[in-house]
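You will see chain A twice below: alongside chain B first, and alongside chain C after that.
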Partner chain A sequence: MSELPPITYTLEYPYTRTTGPVVGAFLTALRDGRILGSRCGDRVICPPLEFDPDTAEPVAQDLVEVGPGGTVKSWTWIAEPTRKHPFQQPFAFALIVLDGADTALSHAVKARGIDAMSTGMRVRAQWREERASAVTDVYFVPEADAVDTYVPPGEGEVELTEHLISLDFKEAIHPFRERFARGLIAGKFIGQKSPVSGKVYIPSKGYDPLARVAMTEADDVELPPVGIVAGYTVITPVQYYGQKETEPYIRASILLDGADQPLGQQDIKNIPHDEFRSGMRLRAVFRPESERKIVEMDNRWGSTGGVIDHWEPTGEPDAPPEKYLEHLF
Partner chain B sequence: MAERCGIVGIGQTKHDSKRLDVSMVGLVREAALRALEDAELTWKDIDAVVIGKAPDLFEGVMMPELYLADALGGAYKPMLRVHTAGSVGGSTGIVAASLVEAGVHDRVLAVAFEKQSESNAMWALSIAMPFSVATVAGAGGFFAPLIRGYMRRSGAPEDTGIRVAVKDRLNALKNPYAHLHMEDISFDLVAASPMLWDPVRYLETCPSSDGACAMVFASEKLAEQTQTPPAWVHATAMRSEPTMFSGRDQVMPQASLDNAKALYKQAGITNPRKEIDCAEMYVPFSWFEPMWCEGMLFAEPNEGWKMTYEGATALDGDLPVNMSGGVLSSNPIGASGLLRFAEAALQVRGQAGEHQVDGARKALGHAYGGGSQYFSTWIVSSDKP
Partner chain C sequence: MRDVAVVAFTQAKSVRAERDLNETEILIPVIHDIKRGAGLETKDIDFVCSGSSDYLAGQSFAFVSGLDAIGAWPPVSESHVEMDGAWALYEAWVKIQTGHADTALVYGFGKPSMGDLSRTLALQLDPYCVVPLWPDAVSVAALQARLCLEGGVLSEREMAEVAVRDRGKGKSNPYAQVTGDFDVDALLAEPTFVSPLRRHDCSPISDGASAMIIAAGDRARDLAERPAWIRGLEHIVEPQDLGIRDLTTSRSTQIAADRAAVGKDKIDVAEVCGPFTHQSILVERALGLGESVDVNPSGGALSAHPLMAAGLTRIGEASKRIWDGSADRAVAHATSGPCLQQNLVCVLEGA
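What follows is the complex of A and B.
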């Protein structure tokens, strides 16, 4: 049997930030080639804060210019940058106290090598050609490498910024989940029967959540591809980021015969919405074996979308409510 | 509880779909300053700060309590973050009250917030990710089948939810802080709104809001010094249960019933319907009013809808519910639970303005979250416990 694909996720969404008066002024100036700090009592804080950490009072609204030169207070070398780092070549992250400021700014220093970095060294801000009203509009270099360039001012004040934030990660899959996934690819529903309560869970989490005992391969049971609609909703899709559906669709929980917990969030597809109802008996129609793939599988919920093509009515009489009312989901 | 705890300051922002006039720190600050002002206190009078909000994924700020510390006078003070999904606002109030009741601190500031416009909770609740269900449907897609289950089990008239939606929006018109002010709200308008998550209509769901809520808690001696008498915390309770297990009653979770019993026992309440003057409960979809009327033991099983239907839960009913307009009128998720708790306190302090229930002396604040699995509640009163 072929290996299951690794269980990987990408969380990604465009976020916005309302900058407020202080950070907005800071980002506007940064875009236009100047670095600003806020005055808090006798101190100048850069990057500026809206509120003085000592008194919790608002900082003075007239920010003061600092830099573009500064002194490195501490640093670390990034020998192997990831795709999200500010440079794709080795560089340093440094705490930089800009001239005129009393606190350090954490930022990137583009140095020729680790030997070019030292605590106490002088650095100078450089502006990127393409600026996005973000703190990454600027970076630092050792003073000797600095080149002064003209930074043409942008238009308007920065009040709202946009950030596409994403996170990739992988997870090792639980042995039971792997057997569940392999079962799906073979066209079978594999659940687990608790040796304590006798309750049948599908997909199981590998333990009986009430008795809190682990279940093993010996507790695996195969369930038929037939069950009843325990609960459902018809969703009119809202076009938020990542939504692929455009027309109203059904999401149903289906209690397979012999199971004590329904399969949640099943995509129904071919049944007219006005004919769909709780208690209806359905049969799973698997995709052709060569097209079955495991998608969005994890250790908690388990997805069947890449394996089951759709659900079709069996034509049997509906199940009475007492069979499914405790199994909504 | 060892020490008595009084609520001496209450503040909230104007809730709106997009508060583009303030940053995240500006938003929490607005609520916190109003609470301090109400308490006639300043930042230096506060011993500790408790911050609550829903998952970090909602705005994409990891551990926002660190970033918010400066704006909340939190530097060099104990600061705690609370997170219990949608019930977090309630839990935040309970943690703050517990710090005073335990004698750890004399004055605690609790702040809860959400700036939903900076992201999209619908997405955050829909994507395939650990610890969450890939519904591709948002919270409504999750709760709609439970509502359908309640409708079938109770035999409630199909327009019960519409009546709740109208009542709460009418109450919101009396609350200047509410997000939705729908002057034209009517039964027909709600009934004609699109079916978003069948059987839940668009106008039977909560909005997405930017907003924050803050409260100041004080020990007995300090609470007695305030000009406006405090709201005394009589009882607090939290209960939870797993999202899925065989035999789980998701329509009326055991955790809700256990929570209610524990709360009333602590408060010495034997007949909640009679002894509680008003209740502010977490109703993000209209049908949850009758469901939680049962979940909080105000009504017999499957009869909560009668309270809605007979007008008992209206502002002039015998047990007004969601006097502020509720979650259906303002939903900055992380703050929503604390707003419920705050409304209960406003009522017993006589500070609720146009939505004040005459003579309210004992009130319930209620929040729930996750897949109907986390519950936080409290009873506050104008009388000392």
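What follows is the complex of A and C.
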């Protein structure tokens, strides 16, 4: 058998943050080609703060323009940028004390090479042609490379700043999940029966969460493709980032016969919402073998997407509540 | 104040990437072992507190799965911090101080091998003005190292000496990951990794977990022959913006050490959590450790750095020296955030 590929996924959160009076003014100025610091006692802090960092006391808003030139206080060289970095070619991160400021700004310097970087060097702000009301609207270059350009002011005050958090993950599929996945491809439900509690888990986590003992292949059991709707919800999709559904849809927990844990998050496609109910007996209809693929499998929650085409009513009488009340999810 | 002591500690062996176990499965044997070792059942433990980060697993509520290792049924009194387990210990210690518990189980765990750890840690920075640039953890530490080096605060040789010291001592620690005999001159001949840091300046990326049991007064005396009494426990945080802080010193460690009265008496052993060699030096100085102190007998974070457990492990390793009588007074340190932003100091005594 060929090895199943590792599980890979990208975690993304699209953050939209309100800026408040000080960061808002900073980002508004940045969009318009100016850099602001805040006066705090006898210091000028950049990026500006609403409070005194030593005492946490609020400070009266007193913003002053700093830069666009500055001096590098410390730096490091990014030889291999990653996709979220501000440049896709090697560049420097630096602590930059802008002219007129007393504290350092953490930012990126686009330099020709590591040899072009040194502590104490002069740098100058450059503005991106396309600005997004974010700190990435600006970057720095060695003073000799700087070009003065006209930055046309944008409209209104920046009150929101957006940033997409994005991280990549990769993990080998664990042995018990691999057997579960291979079972699905073969049209079977493979769970595990705890040698201690006798409970049957599907998909198993590889251990009995009640007795807290590891389980092995010897504990694998096959379950029939029929079960009871233990609970469900009709979701009216809000079009958040990543939502693929557009119409109300059902997500059901299905307790397979012989299992002590329902299969969660099952997609119900062919049953009218007003006929769907807890206690209903359903059978899984697998896709044709050649079309089965493992999607969104992970080592923690598990998925049956890409294998089960749909669930259909068996026509049997509904199960009484006592059969599934312990398994609501 | 109630007398509270560390009475048991267990850890998993740190590894670069645990292939076949998820983070809960790494944790299960650790929790089994500590309960068996202490002779306690779940029902004997009044409070449970854990430290982990969902960003390491890349899944919301990943920390909830960790509870499978404890057994959430019948219900337990439980809490979680999105921080190193050392801060979970702090919460448990407060819980005992308030009189709501006499015993507590504390654990930290993480499996950073699933993601790109250095990049994930960029999310600790200011979300408005810094995160969108994605300065990774090693780069940020490199900015600090250069400030220290060019400011004459420390030298590359001193940094390499820390790596040689810790990884040499780590040889006797079966749970450590990167250990061995290294030569300072040979290390200094290596090219830089992220300038000015070399690879030996960076702690390894480790999958791992550790767990601890603390108890109050007579309960502690029942559970350990020579409990490691917590005589000082303080944590202090510095401002988030790197440009505002003096990165060439660890002011928060210094304040925490003063409040925990580290300098009140002689220290025999120190366990310091320095994710980078220069950070270890800054912390050792801030703690005011004298020449005679045995620093990082376990090999420290440079030998194994199971994120979210490494700080708790420092306290556990220091406790072991109290239990076996090799130390009468020890100090342990944990850190969190970029460039030693937040620091916790714990003073342990045998009497």
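By definition in this document, the second predicted complex is superposed on the first by the 323 of 329 C-alpha atoms of A that agree within 3 Å, B and C clash if a C-alpha of one lies under 4 Å from a C-alpha of the other, contacts with A are read in each partner's own complex, and residues count from 1 in each chain.
Assume a contact is a pair of C-beta atoms (placed from the backbone, for glycine too) under 8 Å apart; a residue touches a chain by one contact, two chains touch by 3 or more.
All of these numbers come straight from a predicted model, not from anything done at the bench.
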item	value
Touched partner set for A:199, first chain B, second chain C, both or neither	first
Which superposed partner A:93 touches (first chain B, second chain C, both, neither)	second
First (chain B), second (chain C), both or neither touched by A:150	neither
First, second, both or neither for A:174, with chain B first and chain C second	second
First, second, both or neither for A:55, with chain B first and chain C second	first
Shared chain A contacts, counted only where both chain B and chain C touch the same residue	9, 11, 15, 17, 19, 23, 49, 53, 163, 165, 171, 209-210, 298-300
Residues of chain A defined as touching chain B within the complex	9, 11, 13, 15-20, 23, 49-56, 159-160, 163, 165, 171, 197, 199-201, 209-210, 230-236, 238, 240-245, 251-253, 260-261, 264-265, 273, 278, 296, 298-301, 303, 321, 325-326, 328-329
Contacting residues of chain A [partner chain C, same complex]	9, 11, 15, 17, 19, 23, 26-27, 45-47, 49, 53, 73-79, 82, 84-86, 93-95, 97, 103-108, 114, 119, 134-136, 161, 163, 165, 167-172, 174-175, 205-207, 209-210, 212, 214, 298-300
Footprint of chain A on chain B - complex, ascending	19-26, 29, 43, 57, 59-60, 69-73, 75, 115, 117-120, 122-124, 126-131, 133-138, 140-141, 144-146, 148-149, 152-153, 194-200, 242, 244-251
Chain A partner contacts - residues on chain C that touch it in the complex	19-22, 24-25, 28, 31-32, 55, 57-59, 62, 65, 68-73, 113-116, 119-120, 123, 125-136, 139-140, 142-144, 146-147, 150, 194-197, 239, 241-244, 247
